[in-house]
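In this document, chain identifiers A, B, C, D and E correspond to the written order of the chains, with residue numbering beginning at 1 in each.
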């Protein structure tokens, strides 16, 4: 089964496939975290920001990442930007929604306590809100990474510039009618996915030990 | 130094063999064409989207998505040369569960097509109409070519029409056999073409011409060096040599496009309501610029 | 460091929601707590005790009436007012040390200085050895001591305590009573202490204010001038307990509730409102 | 309907985990509760009171020693034993009525019959009008009454109560004391009652057993033969309170904890173990 | 923009597209619930069943539904069965995991209380475990429906027999290069997704009012 090691478009080895896929997921996912976390914090914190953005985001949320493929090619052309965008879409909403939910689920007494200790609004945001939300953020980040990874195959459907990627590898195996290689590719995806998740759990246990 | 020309082609489509040859045999370099592969795509519509996004300068692509994209105003490209004519085939199940001996026998059966508005869609529908089969008596299913073989084996469809090498692969696997090749349905019908972004053509005619010269050289070379060409195709697709060899039999590499074919095709799309063009001739005149390009190439 | 508190005509109405009409929790309440006085508030559940404390702490600014600290009218949060919560309300991601120094950190005190101050409080509160424990690693009594130290390190001139020992067992509670009185005898800050426990109120305070069922009016006030430390089993002590228990029993019977509004505690009410 | 309980040489060791060594919660404990007796258990937090009750209830079958009900050795869960939990432990998706009739439903009593029985209990427990309320719609005191009714409707001959009134405020607690005694004087079941509240223990029980810090040994036993209803402020009552409070204070000082194991309550320990 | 009403493969109206997509999601999703809920209950309840099934399920979980497409066609042929299978895969794991988590998060005191009321093991399962888990099941079902719906486009990529389906409609719009119709299709998907979610929330508020 591990013929996959010989490379799928023959000559293309497994490691670069993994590498390119990871890079694409890395970009899209980092972007989702970089936008989703601050946005979630502000949307959870300020009723005004929330009421402005909630409706449009709710409409976009149930649109499948795959349905974005044509649009993403239109906007970003081909290659990594478009793929990262699709992955971003998959990972963004879980990160955003969990961060928001985390802010809302902070025990109001904690915020009251900070205020009676004379914390300014800014201080409350940075010293209370953010640390208190870290565990929820991690939950969102884990789900987001999972979904981002699941979106990978869809993202590599748009075409890849370098000729590498796990999703691309599966497509190639499909083209030449090799079910065994498809299954091998799926196992690799499943396996890398598990490792990524384990890694995130380790980071979380470091950062949110107080939970 | 000038920026390289951004070129795209379709993954595993041996219709695009001339590009692979031009690249591997060094024709591009020899003609002074500085080319970068900007993307390997899974479908023609994706390539046209990439043109619309300004991410491509030139591409090998099916004439069908190019026509639809230009007619619907999504992308502005012009056809400069042909990659191949013919090169598709109608495949029926080889175990003869349902006896399909002629196209006419498809009446009441189900057939897989790679997509509505594709060249294959057109070929099949035209051929059925010519045989006097009413189109609503045949069930068309849109199935992506890699899945067609499974579908045929499972009995989900009684036949499929697709580009090579899928028909060859099907007979190689013993699932189906070619009933008619597309060359028999419509001799010399246009298939894959070389297109360039209209603005890029206007601003960088020399670079475009260099690519076109390499393309013509590659097509010529394929005609003379069949075996070596097969090797290159095997390298790019990962398929076995036998499949490639039988697939290449029906692919007719020819740089000269039959503009009338494109016209016929545009009328077909208009008839189905996929595109709306009033002046087909005017459209073709702008869309197919083979002569001017050839003149420039020969200069 | 203490302050004189005067509450004049304080009223508070909670806006109703779909299935609840407007609710008047405080109605024109007058109350004074003198400089350095330890006053306990007793009263049935839902009478408005927590509401009053939240207003005094500046956590709720939507009220009518006037609050004077040392004669000057105050609106909103005043830095001289500190509060200890029943639920401890420690920051769960901060260690004992970091919790106690939080107030100084928020005030911008340099790290070295605030750390020194916090270590002093840790020693005084019997928390040495637990500096780097997280709240979840502390027992209930220790958590409450951290919460008190965290409030007192800011040197508030009015300390509000809302059932601070409600969650503790009897022994822990009694030990903290002695501890709190020892602290207060030295610091002499003004304390307003809410409790349901008559024993606790009699043990701790200079004066006990008993509220009526909601909206809160002052039902009666008891002055207690037994010297500290008090003996919970003395005749005088129990005389006072009996009087207060009887007053409470006559003013409301908890076993004869009517179907309708049932808010077990403030926390729940606040959640429902959010 | 009551039963005589004899506990002989009961030992219980919790298996250790990575960062905790084996823990001996009970060590060769002997205890007798006579037929129809109301016995209270007092003792410091973590001394093993809940552990003992869980074993008697058959919720924990991994122990050494012997338990005799009316002289017959019992292993595992015995249907004659009922239990009331501090956390109420009502089924949150069931109404008052459905909670109270749960035991009969589990026993396969026909619907009509069990409904009639439940309505009797609802009336007796002052819960009429709340039959179709969900637990979240009840006040703390009402929830605890539902929990008691739910246990008693099964007619247990031994009722175990683990700090049943710990979560209630003082007035509610006192009202339920009176209520519980009134019930017990009629039913005369055997009751083993765990509490941290000395006042409560003296008010309710025939006998108070004080446990040492863990592993639990019987430190002392107090017989109380004041007639019911008792006066909390009487001299005799306070004499008893004082003696017990002093014994507890001398046996452990809650403010001088050492870093190391800190389990605030059983719930938390159980969660950590899970 | 609402040209989509004229039909996308011209002549194919919007309503049947929605109808066929709903039917496919309905099948896959119902199957996911029908298998996921009982399996989740037993896996949460019995340590033995859990330890048997956890490892293989964990490996399958991160495999993207799209990667299953070739396998699903191989197994189920084209048409609704294959599509329902892909949707099933998307919806199954959230339903399973939330049901399991729900069982595990039941307050142990509730189970103790049932036992001291002389409930047999069977009774505990049916009268305590199941009702107590209902809210978690609904959370899982909601997420599952969301992901199932998101998987729709991928599922209809496998080819559809009837020539109807929202994902198919978007693909057709892509094939003939009509970005406006693609966006219209995405809006319809988003919109139907929101309606489905709202519907589930109404059902949940009925069934789990006690929360």
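Heads up, the rule we're going with is that contacts are C-beta pairs under 8 Å (C-beta built on N, C-alpha and C of every residue); 3 or more make two chains touch, one makes a residue touch a chain.
What you see is a predicted model, and the numbers here were worked out from it, not measured in a lab.
Undergrad: Under the document's definition of touching, what chains do subunit B and subunit C have as common neighbours?
TA: A chain counts here if it touches both subunit B and subunit C, which gives A.
Undergrad: Using the touch definition from the top, what's the fewest steps needed to get from subunit A to subunit D?
TA: Counted as steps through touching chains, the separation is 2.
Undergrad: Please flag the chain sitting at the greatest distance from subunit A, going by CA centroids.
TA: Measuring from the centre of subunit A, the most distant chain centre belongs to D.
Undergrad: List the centre-to-centre spacing of subunit D and subunit E in whole Å, with centres computed as mean CA coordinates.
TA: Each chain's C-alpha centroid was found; their separation is 46 Å.
Undergrad: Report the inter-chain centroid distance for subunit B and subunit E in whole angstrom, where each centroid is the mean of the CA atoms.
TA: Taking the average C-alpha coordinate of subunit B and of subunit E, the gap between them is 38 Å.
Undergrad: How many angstrom lie between the centres of subunit A and subunit E, each centre taken as the mean Cα position?
TA: 20
Undergrad: Quick check on subunit C: which residues sit in contact with 2+ other chains?
TA: none
Undergrad: Residues touching two or more other chains, restricted to subunit B: which are they?
TA: Those would be 45, 49, 52, 146-147.
Undergrad: On subunit A, where are the residues touching two or more other chains?
TA: 69-70, 74, 157, 174
Undergrad: Dump the list of chain pairs that touch, please.
TA: Those chain pairs satisfying the definition are A-B, A-C, A-E, B-E, C-D, D-E.
Undergrad: Which bits of subunit A are touching subunit C when the two form their complex?
TA: Interface residues on the subunit A side: 107-110, 112-120, 123, 127-128, 131-132, 134, 208-211.
Undergrad: Which bits of subunit C are touching subunit A when the two form their complex?
TA: Residues of subunit C touching subunit A: 54, 57-59, 77, 79, 81-83, 85, 87, 89-94, 102-103, 105-107, 134-136, 150-151, 154, 267, 270-271, 274.
Undergrad: Show me the residue ranges of subunit B that touch subunit E in the complex, using the header's touch definition.
TA: Listed in rising order, the residues of subunit B that touch subunit E are 43, 45, 48-49, 52, 65, 68-69, 72, 74-75, 110, 112, 115-118, 139-144, 146-147, 150-151, 154-157, 269, 272-275.
Undergrad: Within the complex, which stretch of subunit E touches subunit A?
TA: 58-68, 70-71, 74, 146, 149-154, 157, 167, 170, 173-174, 179, 182-183, 185-187, 189-194, 197
Undergrad: Which residues of subunit E touch subunit B in their complex?
TA: For subunit E paired with subunit B, touching residues are 9-11, 69-70, 73-74, 77-79, 157-161, 163, 168, 171-172, 174-179.
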